[in-house]
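Going by the order they are written in, the chains are A, B, C and D; count residues from 1 in each one.
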């Protein structure tokens, strides 16, 4: 099975246009940056913006240019090492925690690197217009680039937050007036159902094979948990009651001193955003919480997290609409009142933690070779999140899309939706 | 749901006898020890034998004596802290990594503690002969004690191994002559099936609720992987090929310098056992490997690990027989030739890693209160093992029994059985 | 220059007797121990009592038996590794932090080891009655044994303190009634003076060569700082005022959370001693403080620490008398009123931190070979302490004796005496 | 005693000119930098160039502008925290290891900060032309700025070295032809001598009081140890012979994997310099070695390190001439043949480790207040270096100048000169 499944053949003609659009979108995200902002790495898990720009380019150089073009000469002998992320099969990678040490190449040189690869790739594309495998590989590179667009924003947010000057990346958006509704639980039927990607467009290998699962009937929350609801948990000593937490979660609370979501102020009134410090909107989904916080909250609320199957079975019945990065808010928005009995806000705003450890679907096997490392080797000690966030590009996610993170991670736009058994 | 489900009422009458038998078995395991051996702690994950003796006693004192007897006076004010393992609800516990610092109470005092609690408990038992809840609690304490019998041996083995003198706990057993058969894969049917404990005897809360699962048809290996088979993996550079490993596994290989199973010598000819350094029996199941090593081996072998459901669906069809601790070998035994087409050695010898992350069964919810901490709070970042080992007491395991360990753990008798898809 | 200088030839005849006396004294210190107490190691810097018993024996085996007796057969092939402390020239040593893992050899076996070496050594001694080098080496081994007698007590004290049961090693002594006098400063003349050992008895190599130093006139405190005086420093926020501390000291305060001397209770009323928890005697010297605490106290008090030369120039004028281990108190005693204008309590009670980094005297050069590692290789990042303590054997120290410790160390009986410039 | 002693009154008139010259020199050192280079911090001990530019400016703002000008308004409320290095008395400082996270203020903003403070300070200077204390404080700030000029270069060198692209800061200089002479030892007389600053110009507080010391006659090497001589040590297994090393040094060798000077290539043929990778000049002084390496080399060579007094007693007899930063080489130069019987190359090229732990001179006492933290609080666990280096501004050092570093430090231009006793 291929890592990524290519979509309709008729999309091939538009690939060059799609390539230009997505590559340009990355650079547009950098428009507000000072040169000084491009190089900073605030923790090992985060990467400098400059590195994201170069790594996504290296991905095309490595997996397209060098793979399709026999006589291809690499841009720079060391870029293969400097901008390799974790593909061990390709050779040694510059240590992840030391990406911030690379003052060179300069920002200008990295943009020039992007131009060179873009030219090469588009020319190759023109010559091999019918090569479906090439098209599939380029499509994979573009999906990869979109993943890094989101990381570029969340990594930058973390770095700005570590600076006592608390710079702002963009001006604050005005909150839309919204009719906020109390949380409800919607009955969902069980039975022998199918999940996983079964369409004809693009998907990642970890979304396949589509397969049957048995689900007992369940109830899914009508919307994600809001800031005001999570604040109640904080005020009710949620972070001090060991009985609510998984053992590893409680260890994290002790070790890291967690007492509230990552970017919240001690007063629980304001939070750091890409627009600087702003008031917490009580009706927006809570964000920047770990799996452990999501789980403890759910226990406190007398509920539980949904499995990824439970989430997907509902999500596949609704259109993929929501607050994505193109909206320009780059922060979860206050939630509208949903139609009664409906499940809303499944896409955009915040990634939703599920109860499911990230693992292979039955019949999955990672591809051999470097691209087999893309998803498969992370299938331990991570949990699945679903639905995309306010930093995700529109069109990137779908009902079967599986994001995954360390259960301790908090720097992504990650929130929580509750579920319950049918008693 | 209760943490542990009590079995038939007619077993109540024999409970006192069972209590004496299991408590005595613990002490018999200590017969070969010098006083000096009782106190050592060779790593934070392991505990001193003396601590095991006291902790299992504290479990009865805390959850039976003090719970059932209103005027109960505790043996010692500090024992509640010193011998609490991880029950946060009960109060502060002596730090796990510092159990080896407790030269006092002495071994003699700990045995006296055991006597006092035994007397108290048996008297209580006599007075409350019809109290089914009490009986259930005592039964839980006995199952708990059996779990610590196994840990007592594996922890001691680790400590002896860390001593360059390499002491032996018992004399070496002679290997039985055995007809060893090549590994075969046995076809197993799928469909909508049920797993989890549904009987009327004892089980832990994490084995319930019994529930339906959907399984595709699969193939399960006829026996665990042998030492000789695993040695091939080592010789074929299995520990140096990143492509075989999960990312976290590869990190562990690099960080810990893993190059072979935990107790194997560099020459791959001998291994440290509870009988000291002995030759590796090529036909015995490989043991003391982590989940990561099990997973990498399975990939190298062109197979995969079974899910816990796949394991259990077969195991529930066979009797619980095998090489348990009472056999006195305390090491995996060479494997017999199995009946053709049969799956053998499911119980005893080595715990078998499954592909399943340890999580709650649908409908599971940890009990409130301290005993709710017994199993539920560990349901993240662990993997399920099945079947018991050569250090497990006979009668302790069953087809639905779920053991769980950190995927890095190697000091238990943990091995691997392969599975395959039906292609 | 020899590591240790042998004393008068006429002492040779008594060497066997001295050997028996000092070796026996070590074992007498162990009389109150349970078997369980012998093996514990509460931190990497401390060693188990059993290890002290064996290491001091190994010292004689290695540097006397094996060195003088060509055909000598070692007691056990692995003891050379297990009981080597830090003599790299001799070969690999068992890792320091893992001495507590050695449950074997047992206590009984270690005592048997001592007997065997004692027999061998005394026989050798009898045969080589005129061998002055042999006598010198044995004398060195005995001084070494005495150093470990002190460590045995301080290491045990630390281990007992880490046990919440807080065992007592010996019964509490009654405080002598004493006339306590306010601290005074005694004028001491400067000039071109000589320090270092220049006698005909035993000394360590680091006490030599005796050499000239230039000293400006100075003032030395009449006695060590008392518990009541140090308590004033604590109450005056001494541990919270960064301006009083050296930078590395302040780091230690922050990192370790220091807020009072090592064994003091939070209430500043009681302290842990070898007799268990007891009230703090206001008139006894403060003990168990680091160099950094001594230095910060001295700055708070408007004084400074004396240099080791300033200390020695006074100490060489007074007899070596004080509260040593043979007194049986094993704790600093309340101080008597000194004669007016005299400097008292220089010996015994507590080691006194000096301002002098531990370094070589002019002309010093460590001997080649393993014994050259005894003192010389530690001459960096340590500070000199003088005078011996309540755990030091009588007769072991002298005016020129140089003890040295890491400036962070607090588990020895270490205190402070002030000095001032003549203004 | 003041921290820094002001020199002749007649220098006051020229202070403004001196201020402009030294401040400008800092900025000229930054001319070859890309914007991206200004922000990087390659280890906790090193700081970004931008931070050096701002911190030296903050020093003037804090200790001159705000101290002399009652109504002074600070440039930015947070700069006091961001650019405070270690002055605890002033308030919390931005954590040292996180200076590299400050992408803002931008480089342009930092230069603007420099301009603002320069204007303010020069105006203040004009108004208070006769204020000797002000002049002394400004002079201190300028000396401080010069210290950071050196650090700016050595920190940048380290960061460039950590980048696999190995950028060059300046073009390589051609080696001067030089007559190289074998190492000789020059006899130096002892006696009761004086060291410490006793002139009328500027000095740091740690160079005072000038005081008498007693020195035995000694012999000092005619020049620093050369690269070729140190290479012999490496080739003679110097880094693998424990007997040559201090215990803490040997630990560092093991822990850090030291096998040659910091920037040397494995082949021992080339080294990383501010001009990129270049051949090692055999006749230049070895550089970038720790105290431990200097000490081990001296023991290997049958010599020792000089005390700081021994170094100074010779240095005060020669003019302060050598290879300083203004020479533009920024690397140690090949050594000339010295006049026979003379001691040469005492100044410039490399700081020379001495055997002296860094401590207070007799009668020294750190000033109260923040400036008292400048030197005094580091007087433990450091060793003294003398003479300045190729990165030191001309005129900054003198015979009594005391530099000090952690004995493990290797990223400064630090070398070694040998000494011997007169036998």
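We adopt the following convention: a residue touches a chain if its C-beta (ideal position, glycine included) is under 8 Å from a C-beta of that chain, and two chains touch if they have at least 3 such contacts.
None of these values were measured; they are calculated from a predicted model.
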Shared interface partners, meaning chains that touch chain B and chain C: none
Per Cα centroids, the chain farthest from chain A: C
For chain A paired with chain D, centre-to-centre distance based on mean C-alpha positions, whole Å: 47
Inter-chain centre distance, chain A versus chain C - centres from mean C-alpha coordinates, in Å: 60
Whole-Å gap separating chain A and chain B, where each centre is the average of the chain's CA atoms: 38
Per-residue overlap in chain B, given as positions that touch at least 2 other chains: none
In the complex with chain A, residue positions of chain D that touch it: 34-40, 42, 50, 78, 81-82, 94, 98, 100-107, 159-160, 162-165, 167
Contacting residues of chain A [partner chain B, same complex]: 86, 88-89, 192, 211-214, 216, 242-243, 245-250, 291-292, 295, 304, 355, 357, 359-360, 362-363, 365, 368, 372-373, 377-381, 383, 407, 421
